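As structure tokens, here come the structures.
Here come two complexes built around chain A, the first alongside chain B, the second alongside chain C.
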Partner chain A sequence: MKEARRVEFIFEMLRIVVALAVAYLLTLLFIAFISKDPIEAIYVFSIGPFTTARRFGQLMAKFIPYMMTGLSMCLIYACNRFNLIAEGSYLMGGCLFSVVAVNFIPETMPPVLAVGLGLVVGALAGLIVSAIPTILREKLGVSEIVTSVMFNYGFLYVSLFLIKFFARDISMSYVCSRLIPENAKLGAVVPRTLFHSGIYIVAVVVMLVCLIYFKTPFGYRVRISGSNQDFARTEGIRITGSLIVAQLLAGAISGMGGAIDIMGVYDRYIWDQTPGVGTDGLLVAVLARKNPALVPIAAFLLAYMRTGAAILNYATDIPLEMVQMVQGIIILMIGAEEFLGPIKNRMIFRLAQKKDRQKEALADVNTK
Partner chain B sequence: MKKLVIAVIAFLLLFAGCSKPSEPTEPDKPEVKGMAYFCRTLGDFGFNDNGWAGVQNSAAKHGYEPQAIELGNDTATFENALVEACDSGKYSVIVTQNGSGLGDYVRKYAKDYPEIKFIVFDMGITEDPNLPENVYGIAYKASEACFLAGALAAKMSANKKVGILSNDNPGGNDFAAGYISGAKYADPDCQTYYYYGMADAAAWQEQASSLYQMGVNVVLAGSGRFALGVFNEAFNRGGAENGCLAMGIDTDMYYTLTQSETVDIATVVLSSATKELAYTIENAVDRMKDGSLPWGKMEVLGIAQGAANVAINDHYKELVPEDVQAYMTDLIDKVSKGEVKPVSFYDFDSQEAFLNWLKPQLGE
Partner chain C sequence: MSKEVLRMDGITKIYSNGFTANHDVNLVLHEGEILALVGENGAGKTTLMKILFGMESHQGGHIEVNGTTVKINSPLDAIALGIGMVHQHFMQVPSATVAENVTLGIEPRQGSVYDKKEAIKRTQELSDRYQLMVKATDRINDLSVAQRQKVEILKALARNCRILILDEPTAVLTPQETEELFVQLKNLKESGISIIFISHKLHEVMQLSDNIVVLRAGKVTGTLVTKDVNPAQISRLMVGRDVVMSIEKDDPKPEDTILQVRNLVYYNDENVKVVDNVSFGIRKGEVVGIAGVEGNGQNEIAELITGLVKADSGEIILNGKSTAGLEIRDIRDLGLAYISEDRMRYGVAANLSIRENIMADRLDRKEFRTGFLYNSKKINSHVDSLIREFEIACDDQTQPVRMLSGGNIQKVVVAREFSSGANLIVANQPTRGIDVGTSELIRKTLVRKSRNKEASTLLVSSDLNEILEVSDRLLVMKNGQIVAQFAKAQAVDEFELGEYMLGIKRMTAEEMGDLL
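And now, the complex of A and B:
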């Protein structure tokens, strides 16, 4: 049914566009009600991220990790698993990179090597973290939702332990690592902004993941195993292996994302709560319809909205709690998968009916 | 597929190339009267609220317009928020806490904004005291206040058991170091307990319950936000009559609670180890106005400078016997003169060293 697929596609696009538009309108309405100066607030929220180089840099600084965790969640999502370990991988990637950077990276090490080492450490950390719920799920059948959420929480404390005992700046009045050495940092693409050269690394990762996902036998195996396990098994695909490797890869990407974020944005490791970027990755993946090639667009949209909300918070009279509610509206609309679903189904049904009638008519003509 | 890859590259390059030059906005303005206050979230009955009160008071006194900027939990946006406030040209004074990297950002950017004055509070005692020209830093000897609280707790405990619930971060550990050394100083036989507080008030209540169950008489709640759990538990267990008392931190919690609807619960609050954020910020602004503030320096303030103390209020006078009151007055004097030195978390050069000191002090 070619037409049905076309309707599906049109509605898919329509769903995203309408959902974002509704979220946006609701947000604007909301702002108009709670702000003393709604026009200024709406301007700041919608145009704000593009008004100064710094704000745009902030947008890009959010865009970069969203792409990494988005890709990561795309892979997991394609496996048809609800493994939320991207958050833990992201956190531990950043944490272990910081521990290694402040202890073992000498100032004389060339930056390329230091950054490369950082990426490897981040990826390894993420991989090991994601191995736990993945292997428990694929080998023992333990629900990956439960283990991943639980381990995310546990890894927060592991990260705090590592920082406190192996990297803490003892002179500071809060838990943080010593300063990350300059040679292990990603330089700014635009000076005096947070827009850092991690963008190039991420671009390479996006292309690699697209390549693996669409062009390799492994990618095909993952997609098939994710969409229909029985079919995959009948075809002779080793499901368990494919799914494990895909989820480990996802963890590694997420962990690398954490390391890149620390390298590019922060002067020292200061996460005392889970940063939430990993869970936002799920949002990106849902928005991108588990298609890695669409991840940059989805990540950019989310980064744009989040940056707008952050600027709204610190540049206007709207309090933080309201800004968080605004973000909630956005997420609600983005996450609503069945939005416009009934209309879509009715249209497909009508199409089928029409086709049937045409066939009948044709049959009638033929018999006559 | 190829198209997709090309599209991705084009998309990325588009944004990589999109760099707008930053334009410094410095038109001639008469006088900027804004005073910004940076914090994570307001409404914690402690640290953040206390600083905000100080900013509001000094703004009212000297004719500034106070503006609180709540940063929330997204640490990636903090740097930008600070620079944006500097760029906005609305503020001539920026008051900020040191935590969450904000102190680093002030050190990094302050010299670019010589017209703005920065006051950074709650710095680490052992931090590099040299700051940029237009920055003034405050570090608190919270351990002194907690030392006194510990001594008072030990004197008030019938079972010779006192406890502290606090977060496992430098601030919380500093409270504990002071509190435990104070209790041991007042009564070497006193048993001390230290629990790391968990993530919400209900869990704190549970932990306090287990402390009181063991016969602990006084529990210091080392977090303004979660202290209510501890106070509730002490109140449910009969309060002072049954030997279940509690202490607050940062602000005078007795006073705070009597201002709210939970007046009954306030009766269990023996005293509070206060960190006078509001007073020190007001004092700093006063000194800034008369030109006596040492710019470019960090000052370490304790009891002697009025930056930390135990709350002495009517309720304290009612609960505490005369001889203990006299003992406390004497001890406050000794600590402020430096004759008695409390143990501080910052004395130790690693987390391990602190734990090695702590372990033998703890009961059971």
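And now, the complex of A and C:
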């Protein structure tokens, strides 16, 4: 049995690596065809994010929110729900933080307090947003896929309304908030880059979520309920409560992620479309195989590819859309559980055969 | 010798978890032969037949039907080759009639409209020709289990089957119904149909079959001619030693009542009264068994006591407290443990580790925590000691439960439920479909726990051997009611029990004595 498990593990890893490699190679192939200067383009795409401090800062600025929404989707995924509200939570987290920051945070407030308040506002906003599809689902059985997608769209307009009426900078020609006060911003870790100190907050959140997930009765309850509800119920676990709390927590993490992003990267709130970071969280969670401890790696990979694509877009003649196709390929390959499955089964079969033969040989020796 | 219709040669099946279900199995079937495929639970009989019926793939060997090598990739292929299978769990539409079920997928038509008359005529003709005694116009809902089984046979016959596979057909039948089935199977044989009959009941095999193939741990240990062997010889091939059926135990010394069930009534989703005014009690130090043909309310009794479903009236008192209105958590805290009949659905979370599965009912206990967080050392040593105690064959406690064999999965379930500190164990089909060793461990533990006053047991089981040997007191259920009580289960005669289970006999209140 031990071998069977090892083979399963190796193939699990292999599947992800091969999926990424295939997607990456396809991208390179595409570049080679499309671009007039393919060697330059490939270089920009693969090494680009690490060439200058500014570009690396861009990568880190994506990495930070991806971790938050990735953790959020991990929790929802563990509940075995397809609740996509992380997007709405992320958006409203950023929006409500901005409204509060431009209206209620005086310039004299100590930065620690201002940032702390911002995080709380973001988390609360995310939590409340997530409560809608979560409670509809767990209490009334309404499909969370439909409600979360619908409300994600609805909340985009709620956010635009809030900004227009309570935070709009009328001196600007487009819809955006007034400037976020300096004391409510997260400072840069590397000066004059987008790599901001939100990374420390996220690191703490990753650790906390891992602890909750693996080390508390609540984490066990969520995982058991998500894995097999009938079983959880039989063992006396209060499923509804556990699943609601987990999804609210997920919303709060996403919302906090939105606030952190605004605090670290932007001077003012400017999202007039859903930023997509919440939905990308699903991708991160799938890459991380529901394991919050693997979220940083998955988030980094995604941030790296996205940054490479963005640089490609402005530094060469290759369109951004191409990279979105690559993502499709990755999701397809990682989501396809049977990818490489036949080879895996054949290997397990051979191992069992070998074991049988060994057993027989041993029996022969014993009888002699 | 008559014509050979089927040959399975060197069949090997290894599941993707590495479990070898069949190893180089050879089997030959002739026209008009009844071949018994015997072996203990988990010997690979059903797997072999599922391969033949196209429900499972196989890695080695080949299959010949009527002398030509065939590839059977799906049940449709099998049906086209004239192979039919009657599963343990019937696949029928309960609200439709017999004729509709039998002709489902091969409907007779008049133009493009379903020809009801023709369907009934064909079905009735088949039923009459083989004397199966099923009425084509009856609804499946109204039929007994035995009749529903006949419908499955009809379904196969309507598809011109020449090879009929029956997977433990007598498991759900009473002795009388079994006799009837055997007569009908012999009729089928006379008309040239070949039958493969899966069983682990030796007296049935001796009575019915022409030849026997014995499987043990996925391998053929003997191909025998029935008239030349005796049951003892077969049994040695099946289990490698003579089957020891009896469990030795002292007489129980019952003390105070632990569980009282009074006037319990429960209607199921279809609004059928499946538990009808049931009252009984369980005392400290005894094992109470409930026998009955499956589907007569035993399973519902177990689910009512555990709180999975709520009674319509009546009360359940566990350790002095009524369980009405309590959540499952609270009922468990009163001292209840539950082994479910469907372990993959109610007994484990297959994708999670052994550790998580064992911890599932004790998440809130303070002894595993330091502050808010679990203490890994304490949890690990707790789980490891249970793995050792119950001899769960695994790599370590982080192994996902789905990678274990059926018997070991059930060991995970009992390791949790037996160590929960409960003083009442509701064991619902605790040894169904698992190996002899594990079954013995479970049965002996249930008896031991009752004798040392640790926990009493309510045992629901379709395995007559088990229910008669493990129980002290035996109740029989029929149509949701308790129809008989025996004070000493080990002294009960199987055939007499069958008559109560079938509803031919029924004890009066005086004969039953005090149930509480």
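The rule is short, and it goes like this: the second predicted complex is superposed on the first by the 321 of 368 C-alpha atoms of A that agree within 3 Å, B and C clash if a C-alpha of one lies under 4 Å from a C-alpha of the other, contacts with A are read in each partner's own complex, and residues count from 1 in each chain.
Quick note on the criterion: a residue touches a chain if its C-beta (ideal position, glycine included) is under 8 Å from a C-beta of that chain, and two chains touch if they have at least 3 such contacts.
Computed from a predicted model, the values in this text were never measured in an experiment.
Once the two complexes are overlaid on the shared chain, A:296 sits against chain B while remaining clear of chain C.
Contacts of A:215 after superposition on the shared chain: both chain B and chain C are touched. Applying the stated contact rule after C-alpha superposition, one finds that A:62 touches chain B and leaves chain C untouched. Once the two complexes are laid over each other on the shared chain, residue contacts for A:273 go to chain B alone; chain C is not touched.
Once the two complexes are overlaid on the shared chain, A:173 sits against chain B while remaining clear of chain C.
Touch criterion met: A:224 reaches chain C, while chain B stays clear of it. By the touch criterion defined above, A:314 lies against chain B but remains apart from chain C after alignment on the C-alpha atoms of chain A.
Contacts of A:233 after superposition: chain C is touched, whereas chain B is not reached.
Shared interface residues of chain A, touching chain B in one complex and chain C in the other, are 211, 215. In the complex of the two chains, the chain B residues touching chain A come out as 1, 4-5, 7-9, 11-12, 15-16, 18-22, 41, 69-77, 79-81, 83-85, 87-88, 98-101, 103-105, 108, 122-128, 139, 168-171, 346, 348-352. The part of chain C that touches chain A in the complex is made up of residues 14, 16-20, 23, 59, 306, 308, 327-333, 338, 340, 345-352, 356, 359-361, 363-364, 369, 372-374, 376, 393-395, 399, 403-404. For chain A in complex with chain C, the touching residues are 1-5, 8, 211, 215-217, 220-221, 223-224, 227-228, 230-238, 344-345, 348-349, 351-353, 355-356.
Residues of chain A touching chain B in their complex: 52-58, 60-63, 160, 164-165, 168, 170-176, 179, 189-190, 192-195, 199-200, 202-203, 206-207, 210-211, 214-215, 261, 265-268, 270-273, 275-276, 293, 296-297, 300, 306-307, 310-311, 313-315, 319-320, 323-324.
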